[in-house]
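These are the structures in question, set out in turn.
One chain, chain A, appears in both complexes that follow, with chain B as partner in the first and chain C in the second.
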Partner chain A sequence: MEFIKKLQDLDRRWIYLIVALAIVIPLLIPFNAPTYTTSPTEKLYQMIDSYSEREDRAILICFAHDASTMAELYPMEVAILRHCFERDVKVFTLTFLPTAAPLINYAIDMVKEEYPEIQSGTNYINIGYKPGALYLPIVVGMGDNIAEAVETDAEGRKLESLPMMKGLTNYNELKLVIETSGASFAGGWITYARARYGVNVAAGVTAVMAADAYPYLQTGQLTGMLSGMKGAAEYEYLTDVFAAYSSDDYPNGRPFSKQVLKDKEEISKIDIAKKYDPETKTGIMYKWKTARLGMNAQSVAHMMIFIFILIGNIGFFIDRHQQNKEKK
Partner chain B sequence: MFEIISNLIAAFFTLAIFSFLYKDNPMYRLAEQLLVGISVGYGIPLTWQNAFIPFVYQPIFIQHKWYLIIPCLFGLMYVVRFSRSLSWLARYPIAIGMGMTGAGVVLSMNAGVLVQMRSAMQPIDNINMLLIFIGTVTVLLYFYFSKAHTGFYGKITKVGVWFMMIGFGASFGNTVMARISLLIGRIQFLVYDVIMGFIK
Partner chain C sequence: MKKQIPLLIVIVLSFLFALWAVIPHKVSEDFFQGYLVFARAMSPFGVILGLMSITMVNVTKIKRKAPTWQYSYVTLISLYLTAAIGFIWGTSEGSPYIWIFKNIQMPMSATMFSLLAFYISTAAYKAFRARSAEATVLLVAAIIVMLGQVPYGVMISPKIPAFAQWILDVPNLASKRGFGLGVGLAMTAVSLKIMLGIERSYLGGGD
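Let's look at the complex of A and B:
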């Protein structure tokens, strides 16, 4: 009883320390926790994958966040870009926030390191930062003509002169917009681009925003959704299992299949605890498994928080029981 | 070398922010104020380069599209907000902005209300639809205040309260997950980029 009472009076800084350790230790000693994928992530993955090697299809990733939410959103962006580069899907990147502009370059450069054949203007176009005042003219304008709505890319090149624009005019070809955001859930794209032009909209959101976004997912206004670090981990996993897969039958990745996800032998090949060996090129590079390693720490931290809540409640009820006894 | 120095600076400020968990201190306040200052400082030249030059300077002074002076003047009216005698002029650009926002109301109604209502009016052919039906009706009844929440009606509204509590719980769980994720992101940076990078 005394122990429980002492726990009730424990300095909160001890709890901070324990939570910090619960995060640091799994990061230092990684383990191969299973990753289960959910339907919103799978739908997004399948849609992007269906545009593979098609000249008349492209996706747009709108970076709507700054560095403060990078932990959750950046691994999503890296995983989606990797998927696109692996499966030869044309990508546009865009932001209306000045502080997100360097994040786009950072993400593209990080992914491109492993894909030397990927060229700016040919495989992807970084539109870069456009002022927030142009949000509506661009979102609506792209419904008529993408090149006219945004005019130039981040390097100042006219969009119409870039080879990737061949076969791309408007939302008839730019079929999917993904907004990664910590403060919204692609609401503007749903309201203006989807309602008017029927473009598919998906969202990558922080876990805080996920509850607000679910009604839009349920009504089908969001084609897919990546929710927080968990969503990022799921996408990383799907990219490893399918897009980055290589065999004689499938040299450039294999198509999505529920059967493969259920196949224990196939799944056991994805081991995030194993260190990447650059000489033999075995294992998974750290940048492709950031969210999954983070989810290891997340699971341990959640267990700690759960235990703290349990102890706190036990202490509270014991305390109340004793107070009632004393009153009697 | 540049990467090591930049990582060390970032690590220092990360730890300075975390030091608030122990207690408030000058290092925390320095980091907090630098963050605000740098964000604004970074945004001003970027907006100048990406907004003012291509959309104001070049069209007006190089391409001589003089009519663009009119929206610029409206934009400048925001600045007179700081003058007591002229602050009323700022209402015009605000009114134009509000008008533009209002143009989106119809489409917002579709996305935020009509489509949501349509999907809530589906046949109850599975357990999820039944739960959505009970939840929607009981929560709506809870927010109907023209009748006292007593007797049988009170019991129904209590079900609505339970649905809301479960919703808040899920929302709070997501919030905890998000906050822990941010902490993980920073610790991943300290462990993998700073410490491991230093060891390499």
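Let's look at the complex of A and C:
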């Protein structure tokens, strides 16, 4: 009883220490936890994949967050960009937040390192930062003409002069918008771009925001959704299993298949615990598995919180039982 | 005049935008194209206005020695120093502006957000108690959704993720939709009040 009472009054600094260890140790010692993909992630992956090698299709990633939510959202952006570069899908990147502009550059530069053939203006266009006051003019204006709505990219080049714009006019070709955010769920894109022009909208959100987006997901207003670190881990995983897959039958990635995801032998080939060897080019590069490694830490932290709740409640009930006894 | 002209602008434009949203006609499209040009020209003035506002608020705070007035110095120095560095050396990769972003802004933002994990854990331990039937339902739902988010949930029972998904899809969705409808109706009512000139508090003065 004395022990339970002591446990109830445990100094919060001990809890901080346990949580810190629960997060740091799994990051230092990586292990292979299974990744289960969910339907919203699969739908988004399949839609992007269907635009592979098409001149008349493109996607837009709107970075709507700053560095504070990078841990959850940045791996999503990297995974989506990797998928696009791997499968030759044209990408626009854009932000209405000045603090997100450098994040776009980091993400593109990080992914581009492994794809030397990818060229700015040909395979992707970074529109960069546009002031928030231009949100509505750009979101709605792109429904008529993308090159007129945003005019220049981050490097100051006229959009209409860039080779990637050949065959891309408006939302008839720019078929998918993905907003990554820690504070919204692509509501503006749904209200103005989807309702008026029928563009597909998807969201990449922090885990705490995900519950708010479910009504839009159920109605189909959101085509897909990546929910927190788990969503990012799922997308990384799908990219490894399909887009980055290489064999004699599929030299440039293979199509999405539920059967493959259920094949335990196939899945066991994805090993995130193994270090990448640059000489033999075996293993998965660290930057392609950050969310999955993060999920290891998150899983242990969730279990710790679960145990904390359990211990806290056991102590609470024993304490209450004792108080009732004393009253009698 | 000081209040009547802004009021007139709001009333006329709000009706025009409402009509533009529901009437896909050349006239309404031309109107919107005109607005796009105007909005582009207007946005830099918005930034200047914001800059003036934050400066005035913080300078007043320093002058009056209001509580935590020292932090106003931090705000103003950070704001103008970062802007000046951006103007002088540019904002491209390798510039001092990006150095500030990478080495000050990014770690500070990430640190603030990551502190949540520690607060949530302490709160879970110290305050998340099954004190009543409602609290117990909340507690059980939270644990199931939490376990459903991690691979261990499936290892404990393959039914946990499915049940977690059901919680998100059914009870969560029902309450979210209820809130959403309420907020939507309230927003419509407030918008109508503004459009009709009944709600005027945005003009200042409290009337």
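Quick notes on this one:
In this section, the second predicted complex is superposed on the first by the 328 of 328 C-alpha atoms of A that agree within 3 Å, B and C clash if a C-alpha of one lies under 4 Å from a C-alpha of the other, contacts with A are read in each partner's own complex, and residues count from 1 in each chain.
Rule of thumb we're sticking to: a contact is a pair of C-beta atoms (placed from the backbone, for glycine too) under 8 Å apart; a residue touches a chain by one contact, two chains touch by 3 or more.
All of these numbers come straight from a predicted model, not from anything done at the bench.
In the overlay built on the shared chain, the residue A:A211 is in contact with chain B and with chain C. Shared-chain residue A:A71: touches chain B and chain C both. Contacts of A:L10 after superposition on the shared chain: chain C is touched, whereas chain B is not.
In the superposition on chain A, A:T41 contacts neither chain B nor chain C.
After overlaying the two complexes on the shared chain, residue contacts for A:P137 are found with chain C alone; chain B is out of touch. Of the two partner chains placed by the overlay, only chain C lies in contact with A:N105; chain B stays clear of it.
In the superposition on chain A, contact of A:I309 is made with chain C only, not with chain B.
Shared-chain residue A:A33: touches chain C; no touch with chain B.
By the touch criterion defined above, A:S299 lies against chain C but remains apart from chain B after alignment on the C-alpha atoms of chain A.
The intersection of chain A residues touching chain B with those touching chain C, taken from the two complexes, comprises 16, 19-20, 23, 66, 68-71, 99, 101, 131, 133-134, 136, 196, 207, 210-211, 215, 218, 228, 230, 298, 301-302, 305. Residues 21, 32, 35-36, 39-40, 42-44, 46-47, 91, 93, 98, 101-102, 105-107, 109-110, 112-114, 117-118, 120-122, 124-126, 128-131, 139, 143, 146-147, 149-152, 154-155, 161, 165, 168-169, 172-173, 176-177, 180 of chain C touch chain A in their complex. Considering their complex, residues 13, 16, 19-20, 23-24, 27-28, 66, 68-72, 98-99, 101, 128-131, 133-134, 136, 151-152, 187, 190-192, 194-196, 206-208, 210-211, 215-216, 218-221, 227-230, 286, 290, 293-294, 297-298, 301-302, 305 of chain A touch chain B. Listing the residues of chain A that touch chain C in their complex gives 10, 12, 15-16, 18-20, 23, 33-36, 38, 66-71, 99, 101-102, 105, 109, 131, 133-134, 136-137, 140-141, 149, 196, 207, 210-212, 214-215, 218, 228, 230, 295, 298-299, 301-306, 308-309, 311-313, 316-317.
Contacts from chain B toward chain A in the complex involve residues 21-22, 39, 42-43, 46-47, 50-51, 54-55, 100, 104, 107-108, 110-112, 115-116, 118-119, 167, 170-171, 174-178, 180-188, 191-192.
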